[in-house]
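In what follows, structures are represented as structure tokens.
Two complexes follow with chain A in common, the first pairing it with chain B and the second with chain C.
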Partner chain A sequence: MARFAGGKAPYLRIADDPSKSTNALMRDFLIGMFPVILFAWYKNGIQVYLEGNIAFLEMLYPLFFILIGGLSSMLMEGIFFYITDKENRNVKGIMMKLKNSFALIPGIILALLLPLYTPIWVLLFGAFMATIVGKMLFGGFGHNIFNPALLGYLAVGFTLSGVIASAGGVFNQSEVLVDAYAGATPLGTLASSKQISYAALVAPYGSLWNFFLGTIPGALGETGSLAIIIGYLWLSIRKVIKWSTPLIYVGTVFILSWLIGAFAGDGGLWFPTYSILSGGLLFGAVFMATEPVTTPRNPLGKIIFALFLGALTVLFRFIGNFPEGVGTSLIVMNIFTMPIDSISAQIRAGGIRKQSLLKGIMIVLILVAIIVYSLIKSGTIYSLSALLGWFKLGVM
Partner chain B sequence: MILQKAKGIHIEGMKELSKKMPFREYLDPKTVYIPLVQQTTPLKRIVEPGEIVALGQVVALREGFGEMPVHASISGKVTSIKKVWHASGRMVEAIEIENDNQNRLDPSIKPEVDPDSLTREQLVEKMKQAGLVGLGGAGFPTYRKYCTKCPIDTVIINAVECEPYLTCDCQLIDQHAEKMLKGLKYFMKAAGAANGFIAYKEYNKNIKAALEQMLDKYPTIKLRPIKDIYPSGWEKYIVEQVTKKTYNKLPSEIGVIVNNSATAMVFADAVEHNIPLVARVITISGEGIKSPQNFYVPIGTKVQELVEMCGGYQDGLDPKNAWYIAGGPMTGKAILIDELVVSDTLNAVVVIPTPPETIHPECLGCGRCADVCPVYLTPTEIKRAFDRKDQKAIGELFADKCMACGLCSYVCPSHIEIADYVARAKDLLKKGA
Partner chain C sequence: MKAFFAKNGVVLVFALALVLIFAFGGMYSRYMTDQVEVHAEEEAKREEEALERAMALELMETMFPLGDDVTRRELTPLEIDYLIPGKSSEYFQPQVEKSFTVYAGTEPIGVIYIVVSHGNKPGLKLAYGIDFATDSILGISVIEHSETDTASYFQKLDETYYAQFSGLSFDTAVLAIDSVAGATYSSRGIEIATIFVREQYASDYDFEIPVVIVNINQVDYNLDPATFADHPFVADVTYGTEAKSIECYLALDFTFSGVKTGVDDLTDDEKLEIKNQAAGSGLSTLSYFGSWDQNTRTLVMHAKGYVTRYTIDVTFVLNAELDAIESYSVLSHESYDSEYNSAEYATPGYSGPGVPYVESMMISQYRDGDTVDSIAGASQKTGPAIRSLLDLFDLFLDSLNGGE
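Let's turn to the complex of A and B:
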């Protein structure tokens, strides 16, 4: 036995090809975020500078902000490695671990999720929550249950949203000067007015075209729909992400929003389009719903996961207290990644059998219940027409 | 289900390496070592050191399931019983025979007077007496397939060869197309089957060209091109592609028997000339070989001699720091030493330099292993259940369906031995049951 090779069959591995290993995947993921970063810089830096509202050095601030996000998470992870591993307290060992831990990515995603004038200490707090609490305490890369960047974002959002708002909120220096916004993002307007009307939701920001290009107020990375779509195409072509997951997620939100709009008396396609282009939906669908570690591995599981995300996002958006539903629904679904994976693995390998039938039906029922409930509830809020009126009479 | 269409992925074949050189016969090695093991069954030796044997003489017996004789592959003198490296990755006992270069044949080897008049039972008996086993790599005794109680209507010859680097079957058909068709004809007769198919990879135009011109004489035999994906040489995949039917355990459930192309050729010789299984084809290839090529050699030949005939190792290859992969890089076994002998199941030796050891990241959960699995398993879930030693969960995940193609490990970007975990989970399941 001693003469047996250390490796095991098969002896050809994609991983041996440096252009296809996990490191290359993560590099490609970063490249996929590049259009978004560039757009965030253009919108909040270059354009504002050209309009003459900020100084030259301030133009570089968005890039600086994103860079701090990435580097601070790397630094924190390095310190964590230094503290926990007493045997490998040298630069080479820590660099080696950092290389296989991909700390840059959650930091950059976190920075892109935050508004431009978020104080740096809030960003650092978020990065700490993301990398140390969200990732390293779970056992490091590959073991975390929650999407680290999302955990950092939610921690900041729940505890320090007031600080961010008083520091300038989501508006860059040019947007502050526009009166028509009335101090709210598109989704904020929807949440406060609870009315589906083109005049109130889209007109203040120009047209839906501006939503597509991304020249509407919002966090750094989330508004640039076009840039995100370019990133999505790159990631899909490079096969870093499964192309179908974002499509199913966004498609579910589109259809459900359209239904809600139709029940509220406006069946035009502008409302579902508005729903998918506003808020962090596209960003979340492309960069977070596809994040490999915290989403199901199984192809069938990925489909179920995306359907649930769509239904939950609509539920949280139209019923919850916050304007945004993407982050919350992603965190909720992260918890269910494991059960979804094990059930869909059984169904996929053996077809629908006795033991998996019950679980399959359960999943479908929960999904249908969420959708129906959110449709009805949002219907009551958004002046539901007579079609579902009988539900109001006592069922719910 | 909609989700369950034919699966597999294209992988780089590296087949051109060994196609450059012509097919070569090398029938006079100085010594041969007949391994005293088949699959995992030890053989009973019936010759003693010092005895003179003829080519085709029975030197050992396989007992129990699939009992049959094993023959001397050259004529000469049995010198000793030695331990040699075997394709299974272990050292096994072997009979050393020194060649006397006289090529004396055993009296049993004589041309059959009228091979077409043989009955089914006689043909199956010939398979058994010839010691015929599947030459594709599994080494299953062929006659056991024909002892089935199910009615057989189709015999398929598997000439797909989906393992990278391997070209021995392809080149063998090129040279001996007629012989293979004859072998298939006898196989069909032995099974009482009405239809014969030859499945080959669609880009192997030479197989098509070589066979097509002779098909007029064999109206019941048809060609079937198979897509160039891995694992298209898998028995179940071929049966599905050819007959559009699927089965659970054995293809005979739906009236199909699958045989390797090299097996068919040996069988043609066994029927017409009573020559038992004494030689086989083997590919010597890989980046570590100067001029890779295919050989037709007696069983028991030392691989070292074949490597020398290929011009030796590539310059710069350290023979101590290389993998000698027995049987193709996807499903074979890597051995760290080149003192290997050709056995019935050894269809290739691929020599590649040992890749450098690097630290790979953890599983990132991309799910590619589940994406490519030809039997729709989710290897990550099986690994999770295996880590808990949860037999029930492993069973619910259908780990026993795994046929060890190795694709999950192949695609894993984090270089995780996921196929090995599934294999171990499968073992655990068997032990528990």
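Let's turn to the complex of A and C:
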């Protein structure tokens, strides 16, 4: 007899198997993040220290910053449990709850998204916004609407970016003011120049190989593409995340970027490759777009979610205040998780009927509209008629 | 108490941990922020050093054909005062800003000095390449300057001018450096820098500047009508280890131009030293005598005003007692920054190229025993030139009347 799970994700497929418990998922997720944390520490601390550019204490700081992010998030959640659950105020009860609620994750992700020189009190504020406001006030793990780390990141970004800047941290710029890492991020360069040119976007950082390795400017956790891919493989193999979601998300950005490049007169693969290896796309695709609570549950919903994420990310990269579009598009799509889940569930369960067909067409039309608008805002085409002109010429 | 901690211990520990993170983490992040500035300064210093090295290598390539590397060297800067070119009482100290040792392989073969001197304006920065083997300058290069960079001024210092420094040996008592008319102050600034570099070189390395013993006891205007046209100055000099004395004539640029009394056995170095010392005497070179005719009591004098190509020529006719001006005339090419340029200010019947209103007015004031005023619009060049001329004229009158 089939068994169905109700309520909010994540669901435990084999609840009795300790290796598939929420606790195990959290452990696997942390293991998946380990290469990223290690690379962030290496790039921003160890390597620069070995080159003789920073002191020993500075070398330890990136790791300290990430761990403090996770620890403070966990401590705040523990205090919240203590305040709200008067029946279980003992150590064992609180620790058990923390184990089952991914308590460390929002803080660690938040730290990986923030500039290295963010003051600790700002990190604590971000962790509070992520853990308490973004997660616990919605009912805790499994009930939050928005990705907690992203909520914390945006709260900090919108309210305290000046404080971070005066402390030496710069959003979307290098965190280490020495050697190869100095200067604007690749996406920052694109945002300021609006030029799709290999010489302007890639050459200053060496080659795309450096983008792949992660030796380019950027926030702590976002540049290590190789480390993120290793994490992705681990999480997919352990079935902690659905392997297809990051692929569809990244693939959408890749194809749209290729189109933008082609419209700009450069149909080479370097620009789409640059686009997916720049900024926080891979990090967001693997560690945030796959978050079980704030993303759709069924496979069709995940596909729709990822497609929209890809289109919105490209759009926000060209119209947003920040060079990056991943965070904003994820927050926006978090809002639509429930409707997408609902529509995709109807289509999946009932097949293509009149009502679901209309909804499906509507979704496709919205998606196409976002894509077209992205192409226009990219500056490579200037009106819809120009795009249609390409169709007439048989180019597309 | 025990029950309290059993009940609330967890939250206390958690809260304490957060406070500790806030406090110690805050200090840690503050330290990191401070380090940003430190690294920025380090980076700026590295960039500056890289630029500096690139500049030194470029200078090495142009000055030292055998050189293949340079290293920055520390030095003890000298503090020597020199008269600012064109000033009679204001001094400045040239500064060696940087110094580099030049190597051929591992062998040090020379040194490059970057010196800041004062020409017409401060900030005249020059590079000197000096060869250890010959103690001579291999090359000189102007790195930056604030001089008036036009064909009329600093640009007159052309390749021919700079070529005189190539091979210029420090091993002579007086460095013979020719200046360029029209860029006198800049030339003098470079000359001072060269003299100073030799002092610095002697201080840094095993090199002694040859000594020349010259002492000018007195230098004055030559008021003798028989010689004053060719020899505007006369100097009383003691020289050499035997303290010989000589009275000699000097040209308008203070170059040794002849002997008045004594025997001319001066060496070239001694003559150059006389010139250098006399140039610092403060005597004006703005005016000088042309001729004196005893029969007609006519004295012709010249002054150097605003127009450098022509002098202001003034002809005085003295009275019979030779103690006052009977009449005078002025031939001038001057041009003032005022309305006095216009023809209406010219003396009736005057047909010269300029309008010598200022000159005439100042001479009239002198003749009439009035205070000689500064004239607005001619206070920088013409006024001082005529004032100098009148001072010199005054001395001449005194000499004609037995010094009274």
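Couple of notes before you dig in:
To be clear about the criterion, the second predicted complex is superposed on the first by the 351 of 396 C-alpha atoms of A that agree within 3 Å, B and C clash if a C-alpha of one lies under 4 Å from a C-alpha of the other, contacts with A are read in each partner's own complex, and residues count from 1 in each chain.
Criterion: a residue touches a chain if its C-beta (ideal position, glycine included) is under 8 Å from a C-beta of that chain, and two chains touch if they have at least 3 such contacts.
Given the structure is predicted, the values throughout are model-derived calculations rather than measurements.
Once the two complexes are laid over each other on the shared chain, residue contacts for A:N23 go to chain B alone; chain C is not touched.
Contacts of A:G162 after superposition on the shared chain: neither chain B nor chain C is touched. Of the two partner chains placed around the shared chain by superposition, chain B is the only one that A:T295 touches, whereas chain C remains out of contact. Within the superposed three-chain arrangement, the count of touched residues of chain A is higher for B, of the candidates chain B and chain C. Judged by the touch definition given at the top, the superposed model places A:Q355 against chain B, while chain C stays out of reach. When the two complexes are overlaid on their common chain A, residue A:L71 makes contact with chain C while staying clear of chain B. The interface of chain A with chain B does not overlap its interface with chain C at any residue. Residue ranges of chain A in contact with chain B, taken from their complex: 1, 3-5, 7-16, 20-25, 96, 100-102, 140-143, 242, 292-300, 302, 341-342, 344-346, 348-351, 355-356. Chain B contributes residues 1, 3-4, 11-12, 85, 89-90, 164, 323, 325, 329-337, 350, 352, 354-355, 359-367, 369-371, 375-378, 380-382, 384, 393, 396-398, 401, 404, 406-407, 409-415, 417, 419-420 to its touches with chain A in the complex.
Per the touch definition, chain C reaches chain A in the complex via residues 7-11, 14-15, 17-18, 21-22, 25-26, 28-33, 35-37, 39-40, 42-43. Those residues of chain A that touch chain C in the complex are listed here as 53-55, 57-58, 61, 64-65, 68, 71-72, 75-76, 78-79, 82-83, 89-91, 94, 116-121, 123-124, 167-168, 177-178, 182.
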